[in-house]
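For reference, the structures are reproduced in the following blocks.
Shared chain: chain A. Partners: chain B in the first complex, chain C in the second.
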Partner chain A sequence: MTTTTEEPINEPVPAQPVIDVRSVSKWFGNVVAVNDVTLQVFPGITGLLGPNGAGKTTILHLMAGLASCSDGSVTILGEPVRDNPAMYQRVGVMSEHEAVYGFYTGRQFVEFAARMQNLKPVKEPVDRAIEMVALADAQDRAVGTYSRGMRQRIRLAAAMVHDPDVLILDEPLNGTDPRQRIEFHETMVRIAEQGKTILISSHILEEVETLATRILLMVSGKLAAAGDFRAIRAKLDEQAYKVRVVTDSPRAMAAALVGMEEVDSVSVGPEEGELIALSRNVNALQLSIPRLAQEHGIRLLRVEPMDESLESIFSYVVER
Partner chain B sequence: MVPVFWLSMRQLTGRWRVILITLLAALPVGLAVIVHFAASDDESFDENFIDVLLDGMLVAGIMPIVTMALSTASFGNELEDRALSFLTLRPIARWRIAIPKLLASIAISGPLLIASGVIAALLGFDGSVKAAVAVGVAVLVGVIAYAAIFTWAGLVTSRPLVFALIYVFLWEGVISSFINGVNYLSIRGYTLGIMHGINESEFQVLSERAIEFPAAIVGAVAVTLVFTFLGVRRLRRMDVP
Partner chain C sequence: MRARKAVFTDGIKTILGVGHGSLAKVLPVLLFGAAMTPAVIMAIIASMFEVIGDVLPGHADYYQVVSIVLIIFAALVAPELLCPDRRNGVISLYLVRPLTTTDYVIARWLAFFSITLLLVYSGQAVLLASLILSADEPLDYLKDNWKDIPRILAAGLLVAIFITTLPLAISAFTNRRAIAAAVVIGLFIISSATAGILTECDEGHNDDRFGNCEPLTGDSAKWYSLVDIGRVPTNVNNMIFDVEEEGERSRITAELPRFVPIAWYVLLSGGLATVLWWRYRKLSA
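Let's look at the complex of A and B:
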């Protein structure tokens, strides 16, 4: 799918990329936000992952034509993205921080987007877009009264109202609840099945895990890894995670933990009663600890993962 | 262009902004009513009326302030709210975003300020329609030129109000009062030049400082075109947050 700077995980790719980013850099004064990134995006759902500050929003802005590249080039569907408004007939973008016009009702907001897309008549596409984000019941309420999740969805409707071939969505799941995420996933899968291209950014790995088949990992402005999601996930799963356990009986707890299959090693931490357990199956470990404590009559004071952040995961990928 | 125009009209007509600019625009009328009844027999009435009320208060003060409040906000607020990307991510040329926004700020400030100037002129010049027309046309031209400058300012600086206040009070207010040549590069100078050019007899008091009528027209048109062009160009080239 892409060219990477570190140990790429390749997969068979179609000939023509829909989004083609070539040697792109973007700097603001002395700060390099995106550093020599080359990647391609093909039809289907691609996740753009990275911790906050990794350069995801900047690269999406460059792809969307909102910002100019300091170096390199971006094309979508073979056309340059900068100063090319006609491109937005086929591209829909939902940026992360974009505000909504609170005085419009949800329907008026999507209608406005439809008019800006030169759609005539607007009724049918507006109905379809609102239906797609399941906001038909709230469409006549002012957007200013919407919850954050509802605003995200009405913005998504506005981005999709013209049925674009390419959808670029920056953190679209911010503020949405689990039910809305499921609906969002279903919507995206439906759209992707029509042969469209969807690029979704997120700083939460699990958010994209079930959705995207291909991912792009960005760390510190660089593309750290790219390719099939499962292959990258398998690599991540090779990493042992640290879990901190604080208890009133550290010796007994350490003995119990060492006997567990999921635990690679246990060490004593600096705090009184603190243990650091290394595990490749951190979820199973966290579920087992309370059971172990109960069985051995140990009082648990704290159980917490120490390095579950994306940053640590990505650092691991980059360092390999 | 029509959807952007109506969107901008709605954005710019927030309750407090409308109340504030309406009160400001009403000030010259209120003052004109007072002086009409209190001091219109005074020998130097016409001179003082033009100097203090029309030039000092309306042209040099209220007209730029009201236009500034609207025009700097037309893009300034969108940039602050990060709402501009919603417009620029659509398949329309950037000038079709910039021009309606400019027109919206003119459509709100223009009628208010023209009405203010015309009513004040009718009161100050004992119902002279010619004087009222001169003030109305001059204010319209001034509003359009100011709107072009301040709309551009809203795009190039994150502090457009500071820029606009410095420009209005330093350049238009202080410097143009002391240096005659600056009137050729001043919206206030163009406005007074047009006022005087349309009605020389009743605005004779301006003859020493008003620039020539053709120069005023050319200057105002040039400023409007240049800053509109710069605004559109800026919108095309800028990184939209």
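Let's look at the complex of A and C:
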């Protein structure tokens, strides 16, 4: 459950927040990365959404104690997390950027994380964590040989090897393929069902849509909206947004897209073979595009929602 | 405790290249070999000739002989412990564990210190063993030279502390290993050259106080001799073994009050350790 003092969107909230962010600001010189944000995160899966540069990573770093607040306070389970290393026995953090020793095998890497959590013995928790991210078959391979998606999963295993009450994951779905996303979703749901608190950031709405029932929207360092995903989504659905399609036959693809019910308009993008489709039902559009391409014998090179459109959606929510 | 031990063990493995590719193991093996070679050569000579003592270099000279190797070892290997962790973002792995940045730095420092200490003690141990075994009466030799053992231990400890702290403190300021290594080596070369210039003899002017020459900078030369960073642990080593090294600069340094080289060592080592701690204290992911 998530609430905000700025714009609460329905829902009663449980009494005790797990993560409590109060009037937090963070600035770097003259740049204000996070501006007077107040929010609470409760058990279950919460998505932290926002376009690139919205301040998601900064607020996650503040929540994870990786940076100090310029103003305000952050507590997890009632305790400050900054300069409180003991707190990390109850919190698991996976940062956005690559942070894996390539020379370790997957198992050694998770064992290393377990030892740093003062776990003893490490075998059982390591087995459990690796099993949870479905990397048992690849656990004895060097991490340097892993695909990006596998590296994300082994990092996730390392972040949760100590069975933390709170998981803070910054862009965990980066680089994962659709199958891995499904596996990741299943893993997150399993963990959440144990009463854990999971906060997942993403700059792509669809990544979190199927996972988190509650979301926090950040735009330009401020909390734009927070609450039940469906309530916010209902507002978002009123707004059309862009999907970038790159193909080897842009003309044929444009003609096919225009005929689709889900598409409001199609324009030619600046890159070769690039089309920008405007849609109010991006999910249906993304499902239809591969079928359409197959029917017309068109080779799809890329299909992705655009950050800018997400930002416009957030702006829309804020304006409302 | 286990967390600190994990970081320490990882540091040892990194230094020795354990778990890394075969290339990563070559450098420590080469440097270890280079540090041991003088001790082995000195041991072989000692076992072949009866007369040793003043003729051959002994324990007091060993650290001077291997100091170049130790500096290269420190410059090339120490940055490996800190720079990649920050450059590749691995540092956040540590920062989100029940471990402070101070714990991290201490564990890394201890890892490098342990290997350096092992390196300096191994050479001295080989030398000591060969000197004892090559003596006509090994027990008498040990009885006559027992003071060498605490001296070896004390001097080795101080050399290892300095050789560990300096490159790690420099590595705390850059994410690039090559830059850290270049700065460490450059610092030793430039400080040595600067001290050389500042204590250079005025060949046209003889003065009994300095043997056969007077430094261009006059009486201040003895203070300028402290500029040579590479000699900071060596000066203390000479004091521990109570020997005076050959060479003009050593004679000039010996003119200083005895506490000065020690105070300079403590100030530099303590200052560098504080800088290292402070850099990591301020660190955010």
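For this structure, a couple of remarks:
The definition used in the following text is that the second predicted complex is superposed on the first by the 243 of 320 C-alpha atoms of A that agree within 3 Å, B and C clash if a C-alpha of one lies under 4 Å from a C-alpha of the other, contacts with A are read in each partner's own complex, and residues count from 1 in each chain.
The definition used in the following text is that a contact is a pair of C-beta atoms (placed from the backbone, for glycine too) under 8 Å apart; a residue touches a chain by one contact, two chains touch by 3 or more.
Just so it is clear, the model here is predicted, and its values are computed rather than measured.
On the superposed chain A, the two partners chain B and chain C do not both fit; they clash. By the touch criterion defined above, A:Lys120 reaches chain C but does not reach chain B. Judged by the touch definition given at the top, the superposed model places A:Gln108 against chain C, while chain B stays out of reach.
With both structures placed on the common chain, the touch criterion links A:Pro85 to chain B and to chain C.
Applying the stated contact rule after C-alpha superposition, one finds that A:Arg148 touches neither chain B nor chain C. In the superposition on chain A, no contact is made by A:Arg302 with either chain B or chain C. In the superposed model, more residues of chain A are touched by C than by the other of chain B and chain C.
In the superposition on chain A, A:Ala67 contacts both chain B and chain C.
Only one of the stretches 43-51, 97-105 or 133-141 belonging to chain C has C-alpha atoms clashing with chain B in the superposition, and it is 97-105.
The interface of chain A with chain B overlaps its interface with chain C at residues 61, 64-68, 83, 85-89, 93, 95, 97-101, 103, 112-113, 115-118, 158.
Against chain B, the residues of chain A that register as touching in their complex are 61, 64-68, 83, 85-89, 93, 95, 97-101, 103, 112-113, 115-118, 158.
Touching chain A in their complex are the following residues of chain B: 3-4, 7, 10-11, 81-83, 85-94, 236-237, 239-241.
Within the complex, the chain C residues that touch chain A are 1-3, 5-7, 10, 19-21, 88-100, 103, 284-285.
Considering their complex, residues 61, 64-68, 83, 85-89, 91-93, 95, 97-101, 103-104, 108, 112-113, 115-120, 158-159 of chain A touch chain C.
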